[in-house]
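What follows is a set of structures to go through.
Shared between the two complexes below is chain A, which has chain B as its partner in the first and chain C in the second.
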Partner chain A sequence: MLKHHDAGAEMVPQEGVHEVDNVGARLGRTDAWRKVTGQEQYMEDVPLVSQLWGKILRSPHPHARIRGIDVSRAESLPGVKAVITFRDIVPFKIGYSTHGDQFALCHDRARYVGDEVAAVAAVDEETAEKALSLIDVDYEVLPFVLDPIEAMKPDAIVLHKDKGTNIAAENHTEFGDVEKGFAEADHVFEDEFETQRQCHVCMEVHGCVANWGNDDSLSVWTSTQSPHIVKRFLAKAVDLPLSKVRVNRVGVGGAFGSRTDLFPHDVIAAYLSKKARRPVKLLFSRQEEFYASATRHPALVRIKTGIKDGMITTRHVTAILNGGAYTSQTGAVMGSLGWKASNYYRIENYRYDGYGVLTNTSVATAYRGYGGPQLGFALESQIDMIAERLELDPVEFRLNNANRQGDTSVSGSYFSSCELTQCIEAADRALEGEKPAGRDQGRGMAIGFGESGWRGAYYNNSDVSAATIKMNMDGSIHTTVGGAEIGTGYDTTMAQIAADALGVPIDQVSVHSGDTNDAAYDLGLYASRGAITSGMAVKLAADKTKGKLLDAAAKMLDTPRSELSIENRCIVSSANPNIAITMAEIAEHIYEEEGSAVFGTGIYDPQTHLADETGFHASPGGSITYPFCAVNLDVSVNRDTGEFKIGKIAVAVDCGKPINPAIVEGQIEGDVFHGLGMATVEPGLDYDDAGAPKYHHLVDYKLLTAADMPQIECIVAESTDPTGPFGVKGVTQLITSSVGAALANALNDAIGVRMTSLPITPEKILQALERAQS
Partner chain B sequence: MSTRVLPEFLLLRPDTFDEALSLVDRYRDKAEVLAGGTDLLVNMKCGTATPSIVIGIGKVDAFNRIEFDPENGLAIGALASIRALHDSPDVARYYPVLRDVAHLFANVQLLNMGTVGGNICNASPAGDFIPPLLSQNAHVVLGSASGTRTLKLIDFFVGPGKTVRRPDELLQTITLPPLSTDYHSGFVRITRTAEDLAKISVATVFSLRDGNFHDVRISFGAVAPTVLRMPDIEAFLEGKPMDDQTIGEATAMAAERISPITDLRSTSDYRRKIAGAALRQSILAAVERSPAQ
Partner chain C sequence: MSERPEDRNEKIAVRFQVNGEPTELLVSANETLLSALRNQLGLTGTKYGCGTGDCCACTVSVNGRAILSCLSLAAELEGENVTTVEGLSDGSKLNPVQASFAELGAVQCGFCTPGMIMTINALLAENPDPSEQEVRHYLRGNLCRCTGYVKIVDAALAAAGTMEA
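Here is the complex of A and B:
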């Protein structure tokens, strides 16, 4: 079933919504009023009495030995309440999963411009900044390496001596017989692509507000996607029992993968507060946000593809990712890139050689798409290049090789639902009648593939989410979930699911997320898992709550439980229409007469598999279900200036059942924004010859704004997936992976030049046109 | 280095024009003048401006005006916001290209806070208002305790961020002569995004007499240490027919008359390559616009 939406279509006001049809309804966001009126509390707004300001002293060198740090001058500055170095903190290595290799404050070595060396807390920001300038660090400047290819060489400068190599992670996995596949192929093509170090550029900068109590308990307000993950590792980093650490709910001003882990600044804020015995607020400047939060992995991707009888049979993907100075999520992103490549089309043989390499640059981490955008640009560009060389229609070529429902990919992912062919056809049709006829106009398509949850992140052999539902005496409900509202409409989605699962009007549902003291352990919001894992946990919690209500009603009404059901906010008997009781009545009865309470807890862990030693997952894969998409766009090029204009982008996505079409459209538009920024204007955090980042401000590092965005047509190719709550699948990042290739393909269609590196700028287009002419 | 914190400074806010002049005279190099603050405050946070004294001229009413009369043309006070210029019916009618620039200018916040005077005194070669003002043969009136002087705008700029304004002087007014209603004007700005500084900008003013170019004035931004007029190209076009061949020959002259640099926005090579195309777009935009009514 296809549903076309024009972005910005009118929303149904929350009042007067059908009582049991919230799932699937275009509802306004439950957090909208709070956010648009400025009531939402972000880190900057957290009001704590006698709060100090924290600031971090960062390395000005890309690589240096720290011979000594003298903080005495800073400590004696009036207004300074704490100065800390590595001597003040537990030597806990921060990182992702088991790959921790970063101390919150450098011990004897700084490894990139921005590395945390010392920190201060003072009565105001001015004093804190002044104190930083009074810390004397004795650096011995060391040779450095910025380029991952250089860093892989045997004689390269090694960043982490204990590792003995800069290759932080590698993956060499084969399915089928690649050599035989290429030998038997009619055609073999090999092409190379490159993508830049895109920055997340969250509207809210990173930071942390920490309050170390005199009872040695720690309370933090940190803008995060994963409150429980932060709590878990922060407790280790500050050496407190988990019961003494609380991550509080706070507004999240943009995340996109950049807030999935515990970071040095969280630990630093905590220790500053511990030492000063006062609350500490530590917020990045915009410049710090660029070079000291984290970035996307720049990547080199080489793809070798074998074709037999017009079908893709064999693929060999080689990827080199620049992970920056510390490992962070480099191994996982590198693995995800290779895993995604095995799932894009029906192929028989697949080999992956992936390398995650450390260099003296800012740390790279999760970023919307998680390896997908780097891969998608390469893989989907090459699809068009192959189609052109073989004189095939690129849309037909994609359709012929597309995955379908019931397929199991070469690496073992089982597609319990798949409407990819419908997506391709719908995105193709959406631009029909707008066929660019003029000179220098073109059209290009790319497909996308993604995950809905991920087993095995953060030490866990799980992909767990948790929720609790508590019904009040008046029949209204509190829903507590372990994830966080990071702007994805999580709270609203959970409210819709809870409302329908219990048959309660949505305006009587409140959702509490983001607080580790409220909710049970939940891995958080990443890998497009929120709607599916938290959604399922909410549904399970609702089912248990419903069970309690029905049990009590059966007793109260003296009616067999099997005859009772919930309809129109009442519990009714199917055998006798005269037997009915409102939810409020039964809830009140339970509280008042039975001396009990109405609540249910749901824990959901999908039936997926942990990756084995190859880094790949046995069927059905690491994710319980998989979303697909196709992006199709028109472009016109000015040959004189190399400028190009995108006329319209059609995005067709198979995200299962859209719980809230307006939220799905918001995600599609956000996905296009990040993909198009990466494809066109975002330069990436490039470095100068001295190893310092070139970009510090939004004057230099440009983002697209509303004025730059093309018209987006959102098409939902709805599938019926048997796994998630109401058949939902993830929809927060796969389209980002498709935009770059769709643009490159459209440009090639328009002017006959092939762009193989991102971003695609007018400068590069003019150069390519000149090369084509000569 | 950029911080969240403005460094400490003394803020002086004169009420009258004379008071403002006496303050700049007293503090000279120690002081920076604050109009809209859209450049100065950013530079102070980045550490590229470090004034110990800031003279905020926001309360001086004499600076805050946009006046037009058919005899003398347009007078833009140093404090007139870009919003005021954008909303002025006189500007829209008699100097439509200035309204174009105001419309393209950055974003709503900068439109409301930024001033034309600040845009000029900041003297960025990429300053959006400078090419169109040069092509309108604008003058600047500088005031000081010892009197006023009037300069051609083209003579005001010395280099990036540098002007001939003395430390004891304030920009008072920008004046534009009246433009005969048969003139065409066009502005083109090539940027990375809608909200950006120019990689290159071109403002063109001319009249057409029997289909021939007359009184052509061409200004290029972001291609040299200062915004440039193009006297050679202007002279070449004088009296020639407005056709593809003439425009083609004129635009071919552009690349060798500029000395662009490579910066974070673009490359020297690219700017040179597109200079002609930008000029063509600017001429065509001017032709397309009906002359002022």
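Here is the complex of A and C:
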């Protein structure tokens, strides 16, 4: 059942359009020409007359009381146009939705190295930097805590006095009877795993360009996944009505979850512009990007699994996530980790105990997989550990316990389509014939599960997207959507859906996204929701537009509307073969003769399925449909050096119907890249004993290069999902969750040692081999 | 003109070609080519990714060689011939590397794209028929967070094919 929120008019029935040739086609992207010629405008490229440069003064201490800030020396430096501290801003707490606990500029306390203390706007970057050094802050250095286990102790230093504890969020949820399940099990296994603080490392740094107009309106260009969310909370932070705040379209140079919320730098840029009465461009340096932009949550995950007759019956997952200095999305990521664990396999009993803990470190937030990579490493490593202990074939063990179409998980997720078994078999087959021969060669698999939209992500009761289609007099269309092109092919996907839903050639479709003045309220792009929720909104908008065309045609031709349909870009009659008018003719008629307009708006809010309405999030939760995957890879290991080499990675994905196979492959390949980086070379942001971050540069924090990447084979195990537009499901993050465990499993297969923490480095392998020998 | 009065006398005049146009600029001694291109000439296709030579997003060509504009001083380019991503196509027809990037889905967020395209053009000028291994090796400094490099390598090899023909 779909739930449609349509203002006023009743739903237009779905008329058949008999020219579907864009959906499913490997078309070039609509933004490609701009991007290959250097014309795409990112934040750093926005040209504004008399624009100033903004810079942020950040705390050098992991924890300190701020006794006073003297900005007078900075203010008197020639070229400085504005200096702001917390005194200049409304005391609005930003964070995830309404659950904020972070002022854009610190009031009386700094809580991590990088915390925003003051900011300046000056005529150039050099002057702005110099001005920062002239701000005098009187800090009283306080004791600090970096480790979440330490921070959970009753006598720990508390970061936020008003909370009284560093545990920002906890979750204790049970389905079935876990105690009974373990008591009745033939075997119970318990294992513990750890993952690092992965950095998003978007190639475009974070920042914001803000222009506070003399009419007291605010216009910003900020690289974001959710323009409407930024607008909503920015308006509160600067105390303006929503009608006076605009988030403009701007190129987004990578996001991966790091750009889903309003952030301090957005608010700071706005206030600098307000004070200076000039536009301000505030961009992080790459160094700041490492220590002061948000990260993935480092996690400790313990899994206890009960097996009866070879089947997984019972699970108890305990997770401790390090949320950094402010809560941000910690509660939701922690909840999502526990929720995902309930959906990986057919189980009867499930318990989750999750803790999101604050420490004096960088803020952790959404990152591709959203709790999935931390969980997936643990859960899918343990599957192989169990199979090994019980002498079962790990692939068969997975197949026997895998979810299937029509299943409802223990926590109530309904799988309207599920080709997980097909994924497992396809990924297994893909490496057949390449069976690694000889010593120290191994193969490993892991499956993945993900969301496809999420109800109530912002502590509301919605998963809404909006689109409007406007047809011009020549039959071409503008499609306005509320998400943003963040690199995932969103605009192109929407163009393909609009073209086919309306029967218009793709070169006559333009897509406008990312601008809050263009589109109706839309939650934006996270939780792999773009293709499904925006896609459905576009389809509904097309249906409305089509209805308008058919209504007008019926009147114009004096023919019953029920006899009319759209075929080959014409309106034709099933009763009279002589009737055929083009879309352009009817559109022109509507504008010129009827004095009306051709447009349709689609608002889509999917009906989700989840048994326990308050289980994991203090919000309804759940997606309308779920993607699945299996990852299989070969590895060879050098026992002398601990170095290893991945031969090939096969990825089979059930993401419903791929709207554009090239875009879907691109997402799969990018997903592997993030997962493999986390599994191998990315050290994660670490802190020294003084609480200072260890990595500031791309030379220390390594990313995989073109020379390092193994061959990736993408297999799409197409399912037909009844819910999304043209049967689409999300695909942008579930594979990231599978790569770490697949590698650990392959290494165990190769050399018989079990790696239980990420990243897996040659040093760790050597240590494990040594331990195994002694 | 700078709003900082003390700056005005410290500038150095530099004459060079940018995308075929004779260009004269006044730069300070420590101004990078990246800054001169972006802030003085409005050629914003060249990107800042790190400023420390670690990502290659800022790659441009100087006399046909790929260089990192974030590490090059504009004042030292007297008489040189600089090409940026904006100079690769005439506005109606894409350069073969640009064309294969667009066609094969090698672009996602697009932020690494100009640097990638400049680097690959330099590679193909040196070695018109590279193996996949050679492409991967040549690109090892160019970071991309979106694509896993798969379609970028494909596009480089495809462009080599069309350039030969």
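Just so it is clear, the second predicted complex is superposed on the first by the 740 of 774 C-alpha atoms of A that agree within 3 Å, B and C clash if a C-alpha of one lies under 4 Å from a C-alpha of the other, contacts with A are read in each partner's own complex, and residues count from 1 in each chain.
One rule holds for everything that comes next: a contact is a pair of C-beta atoms (placed from the backbone, for glycine too) under 8 Å apart; a residue touches a chain by one contact, two chains touch by 3 or more.
Remember, it's a predicted structure, so these values are computed and weren't measured experimentally.
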Chain B versus chain C as contact partner of A:640, first or second or both or neither: first
First, second, both or neither for A:285, with chain B first and chain C second: both
Of chain B and chain C, the chain that contacts the larger number of chain A residues: C
Which of chain B and chain C A:697 touches, first, second, both or neither: both
Which of chain B and chain C A:669 touches, first, second, both or neither: second
Touching partner for A:705 - first (chain B), second (chain C), both, neither: both
Contacts of A:33 with chain B and chain C, given as first, second, both or neither: second
Contacts of A:724 with chain B and chain C, given as first, second, both or neither: neither
Chain C-contacting residues of chain A that also contact chain B: 283, 285-286, 697, 699, 703, 705, 707-708
Chain C partner contacts - residues on chain A that touch it in the complex: 26, 28-29, 31-42, 44-45, 47, 78-79, 123-124, 127, 200-205, 251-256, 283, 285-286, 486-489, 662-663, 665-666, 669-670, 672-674, 697-699, 703, 705-709, 712
Residues on chain A engaged by chain B in the complex (per definition of touch): 125-126, 129, 283, 285-287, 638, 640-643, 681, 683, 694-697, 699-700, 702-705, 707-708, 761-763, 766
Chain A contact footprint on chain C (complex, rising order): 2-6, 38, 42-52, 54-55, 57, 84-86, 88-89, 94, 98-99, 101-105, 107-114, 117, 135-137, 139-153
Interfacial residue positions of chain B with respect to chain A in the complex: 1-5, 7-8, 42, 46, 107, 190, 192-197, 264-267, 269-270, 273-274, 276-278, 280
